[in-house]
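Inspection log for the structure reproduced underneath, given as C-alpha coordinates.
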(Lines give C-alpha, C1' and ligand atoms only; values in the text may rest on other atoms or scores of the structure.)
Protein backbone atom coordinates (compact mmCIF):
# COMPACT_ATOMS: atom_id res chain seq x y z
CA UNK A 1 0.00 0.00 0.00
CA UNK A 2 1.35 3.39 -0.97
CA UNK A 3 0.74 6.51 1.11
CA UNK A 4 1.05 10.22 0.45
CA UNK A 5 0.31 13.16 2.72
CA UNK A 6 -1.35 16.14 1.02
CA UNK A 7 -1.15 19.66 2.40
CA UNK A 8 -4.49 21.49 2.66
CA UNK A 9 -4.30 25.09 3.80
CA UNK A 10 -7.62 26.47 5.00
CA UNK A 11 -8.56 30.13 5.22
CA UNK A 12 -11.66 30.27 7.41
CA UNK A 13 -13.01 28.63 10.56
CA UNK A 14 -15.47 26.54 8.56
CA UNK A 15 -14.60 25.65 4.99
CA UNK A 16 -15.02 22.89 2.44
CA UNK A 17 -11.97 22.47 0.21
CA UNK A 18 -12.56 20.45 -2.96
CA UNK A 19 -9.55 18.12 -3.25
CA UNK A 20 -10.42 15.64 -6.03
CA UNK A 21 -7.75 17.08 -8.32
CA UNK A 22 -5.04 17.01 -5.65
CA UNK A 23 -5.97 13.43 -4.73
CA UNK A 24 -5.83 12.33 -8.37
CA UNK A 25 -2.39 13.94 -8.77
CA UNK A 26 -1.28 11.97 -5.70
CA UNK A 27 -2.68 8.77 -7.23
CA UNK A 28 -0.79 9.49 -10.46
CA UNK A 29 2.46 10.06 -8.61
CA UNK A 30 1.89 6.72 -6.79
CA UNK A 31 1.33 4.96 -10.13
CA UNK A 32 -2.17 3.89 -9.00
CA UNK A 33 -4.29 2.15 -11.60
CA UNK A 34 -7.03 -0.12 -10.19
CA UNK A 35 -7.94 -0.50 -6.51
CA UNK A 36 -9.22 1.46 -3.53
CA UNK A 37 -8.24 4.93 -2.37
CA UNK A 38 -8.46 5.46 1.39
CA UNK A 39 -8.74 9.14 2.31
CA UNK A 40 -8.14 9.95 5.96
CA UNK A 41 -8.05 13.07 8.13
CA UNK A 42 -5.59 12.66 11.04
CA UNK A 43 -7.24 15.67 12.70
CA UNK A 44 -10.03 15.74 15.31
CA UNK A 45 -11.65 18.96 14.05
CA UNK A 46 -11.67 18.26 10.31
CA UNK A 47 -13.44 15.60 8.26
CA UNK A 48 -13.60 14.02 4.81
CA UNK A 49 -16.63 13.27 2.65
CA UNK A 50 -17.87 13.25 -0.92
CA UNK A 51 -20.60 15.46 -2.39
CA UNK A 52 -21.38 17.94 -5.15
CA UNK A 53 -18.48 19.95 -6.50
CA UNK A 54 -20.24 21.90 -9.27
CA UNK A 55 -22.24 24.49 -7.28
CA UNK A 56 -20.28 25.91 -4.29
CA UNK A 57 -23.61 26.76 -2.64
CA UNK A 58 -24.05 23.05 -1.78
CA UNK A 59 -20.97 23.06 0.46
CA UNK A 60 -22.01 26.47 1.81
CA UNK A 61 -25.48 25.20 2.70
CA UNK A 62 -23.89 22.19 4.43
CA UNK A 63 -21.63 24.43 6.54
CA UNK A 64 -24.52 26.76 7.42
CA UNK A 65 -26.71 23.80 8.39
CA UNK A 66 -23.96 22.39 10.65
CA UNK A 67 -23.40 25.84 12.20
CA UNK A 68 -27.10 25.95 13.12
CA UNK A 69 -27.29 22.35 14.33
CA UNK A 70 -24.02 22.46 16.29
CA UNK A 71 -23.54 26.10 17.40
CA UNK A 72 -20.00 27.24 18.25
CA UNK A 73 -21.05 28.13 21.78
CA UNK A 74 -23.56 25.95 23.63
CA UNK A 75 -22.27 25.33 27.15
CA UNK A 76 -19.76 22.69 26.08
CA UNK A 77 -17.29 21.48 28.74
CA UNK A 78 -14.24 20.95 26.50
CA UNK A 79 -11.85 23.65 27.70
CA UNK A 80 -10.31 24.48 24.34
CA UNK A 81 -13.53 26.10 23.13
CA UNK A 82 -13.78 24.12 19.88
CA UNK A 83 -16.14 21.31 20.97
CA UNK A 84 -18.49 22.12 18.08
CA UNK A 85 -15.70 21.38 15.60
CA UNK A 86 -15.06 17.97 17.18
CA UNK A 87 -18.78 17.12 17.04
CA UNK A 88 -19.06 18.13 13.37
CA UNK A 89 -15.96 16.06 12.57
CA UNK A 90 -17.64 12.96 14.04
CA UNK A 91 -20.94 13.64 12.22
CA UNK A 92 -19.25 14.02 8.82
CA UNK A 93 -16.63 11.36 9.55
CA UNK A 94 -12.82 11.15 9.43
CA UNK A 95 -12.46 9.02 6.33
CA UNK A 96 -13.95 7.90 3.05
CA UNK A 97 -12.92 5.13 0.66
CA UNK A 98 -13.36 5.59 -3.09
CA UNK A 99 -12.57 3.13 -5.87
CA UNK A 100 -9.83 3.90 -8.39
CA UNK A 101 -10.40 2.95 -12.03
CA UNK A 102 -7.91 3.73 -14.79
CA UNK A 103 -5.86 5.77 -12.34
CA UNK A 104 -8.74 8.10 -11.46
CA UNK A 105 -11.22 8.27 -8.57
CA UNK A 106 -14.43 6.46 -9.58
CA UNK A 107 -16.64 9.34 -8.43
CA UNK A 108 -20.16 10.04 -9.67
CA UNK A 109 -20.69 12.75 -12.27
CA UNK A 110 -21.36 15.51 -9.74
CA UNK A 111 -19.13 14.27 -6.93
CA UNK A 112 -15.94 15.84 -5.63
CA UNK A 113 -13.99 15.06 -2.46
CA UNK A 114 -14.80 17.39 0.45
CA UNK A 115 -12.03 18.18 2.94
CA UNK A 116 -14.10 19.79 5.72
CA UNK A 117 -12.39 22.31 7.99
CA UNK A 118 -14.31 23.01 11.20
CA UNK A 119 -11.66 24.89 13.24
CA UNK A 120 -9.50 26.86 10.83
CA UNK A 121 -7.69 28.57 9.43
CA UNK A 122 -4.97 25.93 9.70
CA UNK A 123 -2.41 23.96 7.77
CA UNK A 124 -3.95 20.50 7.47
CA UNK A 125 -2.97 17.11 6.14
CA UNK A 126 -5.06 14.71 4.09
CA UNK A 127 -3.68 11.18 4.01
CA UNK A 128 -4.09 9.39 0.68
CA UNK A 129 -3.48 5.65 0.55
CA UNK A 130 -3.82 3.38 -2.43
CA UNK A 131 -4.56 -0.32 -2.09
CA UNK A 132 -4.19 -2.09 -5.45
CA UNK A 133 -6.68 -4.84 -6.17
CA UNK B 1 -11.17 -6.15 -7.53
CA UNK B 2 -14.51 -6.94 -9.11
CA UNK B 3 -17.25 -4.33 -9.50
CA UNK B 4 -20.96 -4.50 -10.20
CA UNK B 5 -23.50 -1.73 -10.51
CA UNK B 6 -26.90 -2.43 -8.93
CA UNK B 7 -30.09 -0.66 -10.00
CA UNK B 8 -32.18 0.74 -7.16
CA UNK B 9 -35.46 2.33 -8.17
CA UNK B 10 -36.95 4.57 -5.50
CA UNK B 11 -40.60 5.58 -5.21
CA UNK B 12 -40.65 8.53 -2.81
CA UNK B 13 -38.63 11.65 -2.10
CA UNK B 14 -37.22 10.10 1.10
CA UNK B 15 -36.90 6.35 1.28
CA UNK B 16 -34.70 3.64 2.75
CA UNK B 17 -34.37 0.62 0.46
CA UNK B 18 -33.04 -2.54 2.12
CA UNK B 19 -30.49 -3.97 -0.32
CA UNK B 20 -28.67 -6.74 1.57
CA UNK B 21 -30.20 -9.43 -0.62
CA UNK B 22 -29.36 -7.62 -3.87
CA UNK B 23 -25.79 -7.04 -2.68
CA UNK B 24 -25.36 -10.70 -1.72
CA UNK B 25 -26.63 -11.77 -5.15
CA UNK B 26 -24.05 -9.45 -6.69
CA UNK B 27 -21.34 -10.99 -4.48
CA UNK B 28 -22.43 -14.47 -5.60
CA UNK B 29 -22.30 -13.51 -9.26
CA UNK B 30 -18.78 -12.13 -8.65
CA UNK B 31 -17.72 -15.40 -7.02
CA UNK B 32 -16.84 -13.53 -3.81
CA UNK B 33 -15.83 -15.70 -0.85
CA UNK B 34 -13.66 -13.91 1.76
CA UNK B 35 -12.71 -10.22 1.75
CA UNK B 36 -14.21 -6.75 1.93
CA UNK B 37 -17.30 -5.42 0.16
CA UNK B 38 -17.15 -1.71 -0.64
CA UNK B 39 -20.62 -0.21 -1.15
CA UNK B 40 -20.69 3.21 -2.77
CA UNK B 41 -23.34 5.70 -3.88
CA UNK B 42 -22.16 7.73 -6.90
CA UNK B 43 -24.98 10.20 -6.18
CA UNK B 44 -24.87 13.45 -4.19
CA UNK B 45 -28.41 13.18 -2.79
CA UNK B 46 -28.41 9.51 -1.75
CA UNK B 47 -26.37 7.66 0.87
CA UNK B 48 -25.45 4.20 2.13
CA UNK B 49 -25.43 2.87 5.68
CA UNK B 50 -26.20 -0.19 7.77
CA UNK B 51 -28.91 -0.52 10.41
CA UNK B 52 -31.93 -2.58 11.48
CA UNK B 53 -33.83 -4.36 8.74
CA UNK B 54 -36.42 -6.22 10.83
CA UNK B 55 -38.80 -3.40 11.85
CA UNK B 56 -39.43 -0.89 9.02
CA UNK B 57 -40.31 1.72 11.67
CA UNK B 58 -36.59 2.10 12.43
CA UNK B 59 -35.86 3.39 8.92
CA UNK B 60 -39.06 5.46 9.06
CA UNK B 61 -38.03 7.07 12.35
CA UNK B 62 -34.62 7.84 10.83
CA UNK B 63 -36.19 9.56 7.81
CA UNK B 64 -38.61 11.53 9.99
CA UNK B 65 -35.76 12.61 12.29
CA UNK B 66 -33.70 13.80 9.32
CA UNK B 67 -36.71 15.62 7.88
CA UNK B 68 -37.06 17.53 11.16
CA UNK B 69 -33.35 18.21 11.58
CA UNK B 70 -32.76 19.18 7.93
CA UNK B 71 -36.06 20.65 6.65
CA UNK B 72 -36.63 20.65 2.89
CA UNK B 73 -36.99 24.43 2.86
CA UNK B 74 -34.78 26.54 5.11
CA UNK B 75 -33.44 29.45 3.08
CA UNK B 76 -30.76 27.37 1.35
CA UNK B 77 -28.83 29.04 -1.49
CA UNK B 78 -28.38 25.99 -3.78
CA UNK B 79 -30.54 26.87 -6.76
CA UNK B 80 -31.82 23.38 -7.52
CA UNK B 81 -33.95 23.35 -4.38
CA UNK B 82 -32.63 20.05 -3.01
CA UNK B 83 -29.94 21.32 -0.61
CA UNK B 84 -31.51 19.33 2.24
CA UNK B 85 -30.93 16.11 0.31
CA UNK B 86 -27.24 16.93 -0.19
CA UNK B 87 -26.83 17.69 3.53
CA UNK B 88 -28.52 14.43 4.57
CA UNK B 89 -26.30 12.52 2.13
CA UNK B 90 -23.19 13.92 3.83
CA UNK B 91 -24.54 13.19 7.33
CA UNK B 92 -25.33 9.55 6.52
CA UNK B 93 -22.33 9.14 4.23
CA UNK B 94 -21.73 7.97 0.65
CA UNK B 95 -20.18 4.60 1.41
CA UNK B 96 -19.84 1.72 3.82
CA UNK B 97 -17.43 -1.23 3.86
CA UNK B 98 -18.62 -4.60 5.16
CA UNK B 99 -16.63 -7.82 5.48
CA UNK B 100 -17.54 -10.86 3.35
CA UNK B 101 -17.34 -14.29 4.97
CA UNK B 102 -18.33 -17.48 3.19
CA UNK B 103 -19.67 -15.43 0.28
CA UNK B 104 -22.09 -13.46 2.47
CA UNK B 105 -22.00 -10.01 4.08
CA UNK B 106 -20.75 -10.36 7.67
CA UNK B 107 -23.60 -8.25 9.07
CA UNK B 108 -24.87 -8.35 12.65
CA UNK B 109 -28.07 -10.29 13.39
CA UNK B 110 -30.37 -7.30 12.97
CA UNK B 111 -28.40 -5.41 10.34
CA UNK B 112 -29.35 -4.82 6.73
CA UNK B 113 -27.82 -2.46 4.17
CA UNK B 114 -29.66 0.88 3.87
CA UNK B 115 -29.70 2.60 0.49
CA UNK B 116 -30.99 6.03 1.52
CA UNK B 117 -32.85 8.10 -1.07
CA UNK B 118 -33.17 11.78 -0.15
CA UNK B 119 -34.35 13.26 -3.46
CA UNK B 120 -36.49 10.67 -5.22
CA UNK B 121 -38.22 9.11 -6.86
CA UNK B 122 -35.30 8.25 -9.13
CA UNK B 123 -33.44 5.43 -10.79
CA UNK B 124 -30.28 5.04 -8.73
CA UNK B 125 -27.10 3.02 -8.84
CA UNK B 126 -25.35 1.29 -5.95
CA UNK B 127 -21.77 0.31 -6.73
CA UNK B 128 -20.68 -3.00 -5.22
CA UNK B 129 -16.98 -3.85 -5.22
CA UNK B 130 -15.32 -6.93 -3.79
CA UNK B 131 -11.73 -6.92 -2.63
CA UNK B 132 -10.55 -10.47 -1.86
CA UNK B 133 -8.24 -10.88 1.14
CA UNK C 1 -7.72 -11.17 5.94
CA UNK C 2 -7.57 -11.84 9.67
CA UNK C 3 -10.48 -11.10 11.99
CA UNK C 4 -10.84 -10.77 15.74
CA UNK C 5 -13.88 -9.96 17.83
CA UNK C 6 -13.25 -7.64 20.80
CA UNK C 7 -15.52 -7.52 23.84
CA UNK C 8 -16.62 -4.04 24.90
CA UNK C 9 -18.68 -3.87 28.06
CA UNK C 10 -20.56 -0.60 28.49
CA UNK C 11 -21.87 0.83 31.74
CA UNK C 12 -24.32 3.54 30.75
CA UNK C 13 -27.04 4.14 28.17
CA UNK C 14 -24.80 6.55 26.24
CA UNK C 15 -21.08 6.10 26.44
CA UNK C 16 -17.92 6.50 24.38
CA UNK C 17 -15.35 3.78 25.08
CA UNK C 18 -11.81 4.54 23.87
CA UNK C 19 -10.59 1.31 22.26
CA UNK C 20 -7.33 2.21 20.47
CA UNK C 21 -5.26 0.17 22.89
CA UNK C 22 -7.52 -2.90 22.64
CA UNK C 23 -7.51 -2.66 18.84
CA UNK C 24 -3.71 -2.39 18.73
CA UNK C 25 -3.41 -5.46 20.98
CA UNK C 26 -5.68 -7.30 18.54
CA UNK C 27 -3.49 -6.17 15.63
CA UNK C 28 -0.40 -7.43 17.46
CA UNK C 29 -1.99 -10.80 18.13
CA UNK C 30 -2.86 -11.02 14.42
CA UNK C 31 0.74 -10.21 13.47
CA UNK C 32 -0.42 -7.13 11.54
CA UNK C 33 2.33 -4.91 10.15
CA UNK C 34 1.30 -2.77 7.15
CA UNK C 35 -2.19 -2.49 5.68
CA UNK C 36 -5.72 -1.41 6.56
CA UNK C 37 -7.68 -2.04 9.76
CA UNK C 38 -11.45 -2.31 9.27
CA UNK C 39 -13.36 -1.63 12.48
CA UNK C 40 -17.00 -2.65 12.45
CA UNK C 41 -19.93 -2.63 14.87
CA UNK C 42 -22.35 -5.52 14.21
CA UNK C 43 -24.93 -3.70 16.35
CA UNK C 44 -27.72 -1.37 15.26
CA UNK C 45 -27.59 0.88 18.34
CA UNK C 46 -23.82 1.35 18.61
CA UNK C 47 -21.31 3.00 16.28
CA UNK C 48 -17.60 3.46 15.62
CA UNK C 49 -15.66 6.63 14.90
CA UNK C 50 -12.37 8.38 15.56
CA UNK C 51 -11.85 11.58 17.53
CA UNK C 52 -9.97 13.13 20.45
CA UNK C 53 -8.92 10.79 23.23
CA UNK C 54 -7.00 13.21 25.47
CA UNK C 55 -9.83 15.24 27.06
CA UNK C 56 -12.86 13.09 28.02
CA UNK C 57 -15.03 16.22 27.79
CA UNK C 58 -14.87 15.98 23.98
CA UNK C 59 -16.69 12.64 23.99
CA UNK C 60 -19.03 13.94 26.70
CA UNK C 61 -19.90 17.01 24.63
CA UNK C 62 -20.56 14.76 21.64
CA UNK C 63 -22.96 12.57 23.64
CA UNK C 64 -24.75 15.59 25.10
CA UNK C 65 -25.08 17.15 21.65
CA UNK C 66 -26.57 13.94 20.24
CA UNK C 67 -28.93 13.65 23.22
CA UNK C 68 -30.25 17.15 22.43
CA UNK C 69 -30.42 16.62 18.66
CA UNK C 70 -31.98 13.14 18.88
CA UNK C 71 -34.00 13.03 22.14
CA UNK C 72 -34.74 9.61 23.64
CA UNK C 73 -38.48 10.25 23.41
CA UNK C 74 -39.90 12.08 20.41
CA UNK C 75 -42.96 10.23 19.19
CA UNK C 76 -40.96 7.54 17.39
CA UNK C 77 -42.90 4.55 16.01
CA UNK C 78 -40.29 1.82 16.62
CA UNK C 79 -41.92 -0.30 19.31
CA UNK C 80 -38.76 -1.19 21.25
CA UNK C 81 -38.40 2.40 22.49
CA UNK C 82 -34.78 2.84 21.39
CA UNK C 83 -35.31 4.57 18.03
CA UNK C 84 -33.02 7.43 19.11
CA UNK C 85 -30.15 4.96 19.52
CA UNK C 86 -30.66 3.60 15.99
CA UNK C 87 -30.68 7.14 14.55
CA UNK C 88 -27.48 8.10 16.40
CA UNK C 89 -25.82 4.88 15.18
CA UNK C 90 -26.56 5.87 11.56
CA UNK C 91 -25.36 9.46 12.08
CA UNK C 92 -22.02 8.38 13.59
CA UNK C 93 -21.72 5.31 11.36
CA UNK C 94 -21.16 1.57 11.86
CA UNK C 95 -17.56 1.39 10.69
CA UNK C 96 -14.28 3.17 10.18
CA UNK C 97 -11.12 2.11 8.33
CA UNK C 98 -7.71 3.19 9.64
CA UNK C 99 -4.29 2.47 8.14
CA UNK C 100 -1.81 0.26 10.01
CA UNK C 101 1.86 1.25 9.92
CA UNK C 102 4.55 -0.64 11.81
CA UNK C 103 1.88 -2.75 13.50
CA UNK C 104 0.08 0.29 14.97
CA UNK C 105 -2.98 2.29 13.95
CA UNK C 106 -1.87 5.32 11.90
CA UNK C 107 -3.98 7.74 13.95
CA UNK C 108 -3.37 11.47 14.29
CA UNK C 109 -1.67 12.76 17.45
CA UNK C 110 -4.92 13.43 19.31
CA UNK C 111 -7.02 10.66 17.82
CA UNK C 112 -8.36 7.58 19.55
CA UNK C 113 -10.98 5.08 18.36
CA UNK C 114 -14.48 5.77 19.70
CA UNK C 115 -16.78 2.81 20.33
CA UNK C 116 -20.10 4.64 20.78
CA UNK C 117 -22.77 3.00 22.91
CA UNK C 118 -26.25 4.49 22.42
CA UNK C 119 -28.42 1.89 24.17
CA UNK C 120 -26.43 0.41 27.05
CA UNK C 121 -25.37 -0.89 29.35
CA UNK C 122 -24.61 -3.98 27.26
CA UNK C 123 -21.96 -6.47 26.33
CA UNK C 124 -20.89 -5.43 22.85
CA UNK C 125 -18.59 -6.69 20.13
CA UNK C 126 -16.20 -4.68 17.99
CA UNK C 127 -15.01 -6.54 14.91
CA UNK C 128 -11.38 -5.89 13.96
CA UNK C 129 -10.15 -7.02 10.57
CA UNK C 130 -6.72 -6.57 9.09
CA UNK C 131 -6.12 -6.43 5.37
CA UNK C 132 -2.39 -6.55 4.59
CA UNK C 133 -1.18 -4.41 1.72
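By letter and in written order, the chains are A, B and C; residue numbering begins at 1 in each of them.
Just so it is clear, contacts are C-beta pairs under 8 Å (C-beta built on N, C-alpha and C of every residue); 3 or more make two chains touch, one makes a residue touch a chain.
All values reported here derive from a predicted model rather than from experimental measurement.
If touching chains are joined by edges, the resulting network of the protein chains shown connects every chain directly with every other.
Shared numbers divided by all numbers used gives the overlap of an interface; between chain A and chain B this overlap falls below half, so the copies present different residues.
Centroids of chain A and chain B (each the mean of its C-alpha atoms) stand 20 Å apart.
Contact with two or more other chains is made by residues 69, 91, 93, 97, 131, 133 of chain C.
Touching chain A in their complex are the following residues of chain B: 1, 3, 38, 40-44, 69-70, 74, 76-80, 83, 86-87, 89-91, 93-95, 97, 127, 129, 131-133.
Interface residues of chain C facing chain A in the complex, by the touch rule stated above, are 34-36, 49-52, 55, 57-58, 60-62, 64-65, 69, 91-93, 96-99, 101, 106-111, 114, 131, 133.
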